[in-house]
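Chain IDs A, B, C and D follow the sequence of writing; residue 1 opens each chain.
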Amino acid sequence: MSTTPAFTGVIPPVVTPRTSAGALDLPGLEAVVEHLVGGGMHGLFPLGSSGETPYLTDAERTQVLACVSSATAGRVPLLVGANEQTTARVIEEARKVAAGGADAVVITTPYYAIFDAAEVKRHFRAVAAAVDLPVFAYDIPVRTHFKLAPELLAELAHEGTLAGVKDSSGNDIAFRQLRLLTRELPGFAMFSGHEVICDAAMLSGADGLVPGLANVDPAGYRRLYDAAVSGNWETAVKEQDRLAELFRIVEVPDASRVSPGAGGLGAFKTALVQLGVIGANTMSQPMESLNAAEAARIGEILSTAGLL
Amino acid sequence: MSTTPAFTGVIPPVVTPRTSAGALDLPGLEAVVEHLVGGGMHGLFPLGSSGETPYLTDAERTQVLACVSSATAGRVPLLVGANEQTTARVIEEARKVAAGGADAVVITTPYYAIFDAAEVKRHFRAVAAAVDLPVFAYDIPVRTHFKLAPELLAELAHEGTLAGVKDSSGNDIAFRQLRLLTRELPGFAMFSGHEVICDAAMLSGADGLVPGLANVDPAGYRRLYDAAVSGNWETAVKEQDRLAELFRIVEVPDASRVSPGAGGLGAFKTALVQLGVIGANTMSQPMESLNAAEAARIGEILSTAGLL
Amino acid sequence: MSTTPAFTGVIPPVVTPRTSAGALDLPGLEAVVEHLVGGGMHGLFPLGSSGETPYLTDAERTQVLACVSSATAGRVPLLVGANEQTTARVIEEARKVAAGGADAVVITTPYYAIFDAAEVKRHFRAVAAAVDLPVFAYDIPVRTHFKLAPELLAELAHEGTLAGVKDSSGNDIAFRQLRLLTRELPGFAMFSGHEVICDAAMLSGADGLVPGLANVDPAGYRRLYDAAVSGNWETAVKEQDRLAELFRIVEVPDASRVSPGAGGLGAFKTALVQLGVIGANTMSQPMESLNAAEAARIGEILSTAGLL
Amino acid sequence: MSTTPAFTGVIPPVVTPRTSAGALDLPGLEAVVEHLVGGGMHGLFPLGSSGETPYLTDAERTQVLACVSSATAGRVPLLVGANEQTTARVIEEARKVAAGGADAVVITTPYYAIFDAAEVKRHFRAVAAAVDLPVFAYDIPVRTHFKLAPELLAELAHEGTLAGVKDSSGNDIAFRQLRLLTRELPGFAMFSGHEVICDAAMLSGADGLVPGLANVDPAGYRRLYDAAVSGNWETAVKEQDRLAELFRIVEVPDASRVSPGAGGLGAFKTALVQLGVIGANTMSQPMESLNAAEAARIGEILSTAGLL
């Protein structure tokens, strides 16, 4: 462990654009990378949830990482998701992304499997032993149905298994407790993925941010981060409040037609179309894409936020 | 749809033995197949949850199906699990098992994904359209965290998307309601996976049974099924009560050491070792295997049940 | 403990009618009692969930029990709910219903409280020690958010704390396991509250039934019970299937207007209006009552079931 | 609605001491009130969860409020819990506490009942219409199993039904969203009950704090609050981190002996014994009290925090 985390700052989960016919849109993905690196992002996180990774075939995952890696060209580091059900499968996936240019891998607990905390520890240890990259735990109980307890994460941090955590648990109490448990461990990096309380996460001691909404407004999250690091909390809160209003684009999709999973990511993609970064807001099967009325409403919110 | 289900009877989910070193034990798997076919099973269900499929690599899944298919040699049909997170990935998996000799594929809803009922319908329809085999829905909310409602399943059954359901939901109210909703649809096959209430499932109109415990005592479940089909409910209940006592082998593992997922399957494997069918009770990573004391206690239960 | 349960047969949870102005309708309640006793019920269960007990004030609860007790006039025994949050409050409530004519009290685990299994045991033991009546556990995790495990219930049964269980857990696997664990304890009474699988519950060894739908068709459940006790399973299943179709009245209410809690009980009350037993289908605050269109549709289902 | 909230600052939920024999300890309760008012609290919140209200009989609730009201003698306002299952019962309880000296009532959604959002709105409206006091919503899904959505709360705030919210939901994303939705409504008061992220709650726009741990260290939370209000975030964070370490007293109880509900409140009571405020740490039935070893360990933590 180094004395400061190797990864800090804003590292957004990169969306995966598709053409209107449903194929991967690799030029669009390159444009997203430019949009993000140009927006001041400190790193990129491809093959995360916002990248629709659960919906990508193995071949598509390989293409996405190759494209992001090539487009980034080493300008910023890549945290890359290695998303699979259980240990042996995660190891295979992690080795693939390591070979594909990852600077760190981000993995969840087992899922679909019926497991317990002891298996979670063996899982993280086995993956960390099998790959020659820093391992980040991805804490996302809304998907895995298992909250990683601060004590468990702290144990894995102190023994050197984990280099950091990407927190999407919605549990800021546990986030703060983990920070206190790892205060003496400066190499352990804590990232929050919660778009609307990034200022509070920084106040609680986060090292960085992983908000999906940074796909839409990278510069805004960069300003928020910089203000927080400088102790300019009034500025950070003001920027956060603006971004929280922008985040209301995820409330636009009609819930009777678009699932919760499709709605949030679909709103990001739709905004990127409006911003001229990509050409289509098509979602992976079986998700519904947002329609014209929803796109128009999102355009209004982007205007109010000063992005159009 | 035919006028009677193409699949009826007892079709157990086949365990996947490993050597004590952790490799696939293919001779052991062949022995399990012989044990089950010889025990009167009407079909086999490889690559299900009892087969530790979530823990198998892609290569292992291919080897398991090839081995079961070869050992079965067409004596009974094969329902085969195609276990993946979302639509495009399930289609790839389903095509693989179709090529590997499956007579039907068994698939779940999406998981890890955040979805809704409309996506579930699109998911099943897309898979059914993409593979040239009957599709069974596998209803296992303890893993997928989504219960398939009777009305949703009935809709997919009536339109011809689904050929049947493998119910591991623990919800016999919904099971009965689905039976009533599909009474006029004789080609739709309903299977229950609940070891201790198979008699009640048959009374409620099940076409067949998929109990993991049938790995241990196939002949017992065959007797239960035959009694129920003949209307000999007193015999069916008596056999069920005996099997319910046998099922207490899953309570043997020490929960402070062995997870719930590992405990049940580990008990089946341990019993198969005691019965001389396989050589080791090794579990897939990161699950713990049962120890000698637990094996001894399981041996006692097998003796009481008249199996040793 | 006696050698046979003191309570067997069909003992429905009695609905609590209100006038269209919202006041308790005690003449209507008397009519419900006559309808049920006349329909062959072996006992009555006032102040249960179907009686809207959570919504009744203390004064209303006292009036309801006095009315049911007086109208029943000892013709059948009364199991009475003593519904409160925690131990001391349940004891006070249980003593009230004991004074009001209860032959047994039916109590849940604590709720709203944050508790564990050890507290549940102390809770049941304290209540049983404090009241001079048989105590039934009411297992309804959809309300209490705690499933009573078979082993816990069996322990309390064997030590004499519990005289029986009223199972509304939807978990027939656990119900069967509890039956096996109490087979040697003939004084322990097991009741199922699940309207559509009463035949299966009887096959699994239930001593009796507590279906809310028996408010609508007591004679039907009596026939089902008698057939099951006589081993006429074909008759029992046929009657169950008819009652399961009748139970579809609970699917009639528009879920966008009527909550799940209000819909089921509202359907029972609406059916009782159509049958001429009570005068209004008014629900307790804040529940919505069913409207005319819903009542008409329920009337059609009653006709199909041969009740109108 | 006034232009500023009538209630701001630190308003702790007051614990309810019992003698070692289990009776209410009213002199102890008076001492707690002095400890809290003397510690700079801006108000008191008796009959909340930390007051073991779910476990108090009706008579005890009346005694507790009378004692707190008398001991406070109008020095600070009283927010008082009116804890019951459903609308009519909450109204009765709310009228009781209004008569007992409450300056505002704090109520939850229905619980034990099976309800929906529309019933929740009717519930809050009916209670607000029936009592002549400001009504605070108490958002505590770990007990009620229903999260109050920001949009629902904002609607009730804007129409004047709710005067504020006491948030114990653990969901700071929703807390921030509610703040943004009520920014134009200065009379609406938002309180956070989360002991370890009070600084973050203040940054997000909270009007006040309701931490149970303030029973133990009222002055600490007062310092945190004052620092936050003054924009001295560095001081606020430092104080918060110290209090978060102090909060680890709730991790002391042995979870195999003491339930989660009993452990936290038992730790507060045990600390108050160590601080000489009350004489016994006895818990209400059926909760276990902390033992001598646990008390000793809590003493050590109090010492480290500079309180002993």
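Throughout what follows, a contact is a pair of C-beta atoms (placed from the backbone, for glycine too) under 8 Å apart; a residue touches a chain by one contact, two chains touch by 3 or more.
Being a predicted model, the structure only gives us computed values, none of them experimental.
> Report the chain whose mean Cα position is at the greatest distance from that of chain D.
The most remote chain is B.
> Looking at where chain A touches chain B, is over half of the residue numbers used by both copies, so same, or under half, so different?
Same; most numbers are used by both chain A and chain B.
> Centroid of chain C to centroid of chain D, CA atoms only: how many Å?
About 36 Å, centre to centre.
> How far is the middle of chain B from the middle of chain D, if each middle is the mean of its Cα atoms, in Å?
Here chain B and chain D have centroids separated by 49 Å.
> Check each residue of chain D and list the ones that touch at least two other chains.
none
> If each protein chain is taken as a node and each touching pair as an edge, is the resulting graph a line, ring, star, complete or other?
Graph shape here is a ring: one loop, exactly two partners per chain.
> Where on chain D does chain C make contact in their complex?
54-58, 60, 83, 85-89, 92, 110-116, 118-120, 122-123, 126, 142-145, 257, 259-262, 284-288
> Residue numbers of chain A touching chain D in their complex, please.
It comes out as residues 170-173, 176-177, 180, 194, 196-197, 199-201, 203-204, 231, 233-234, 237, 241, 244-245.
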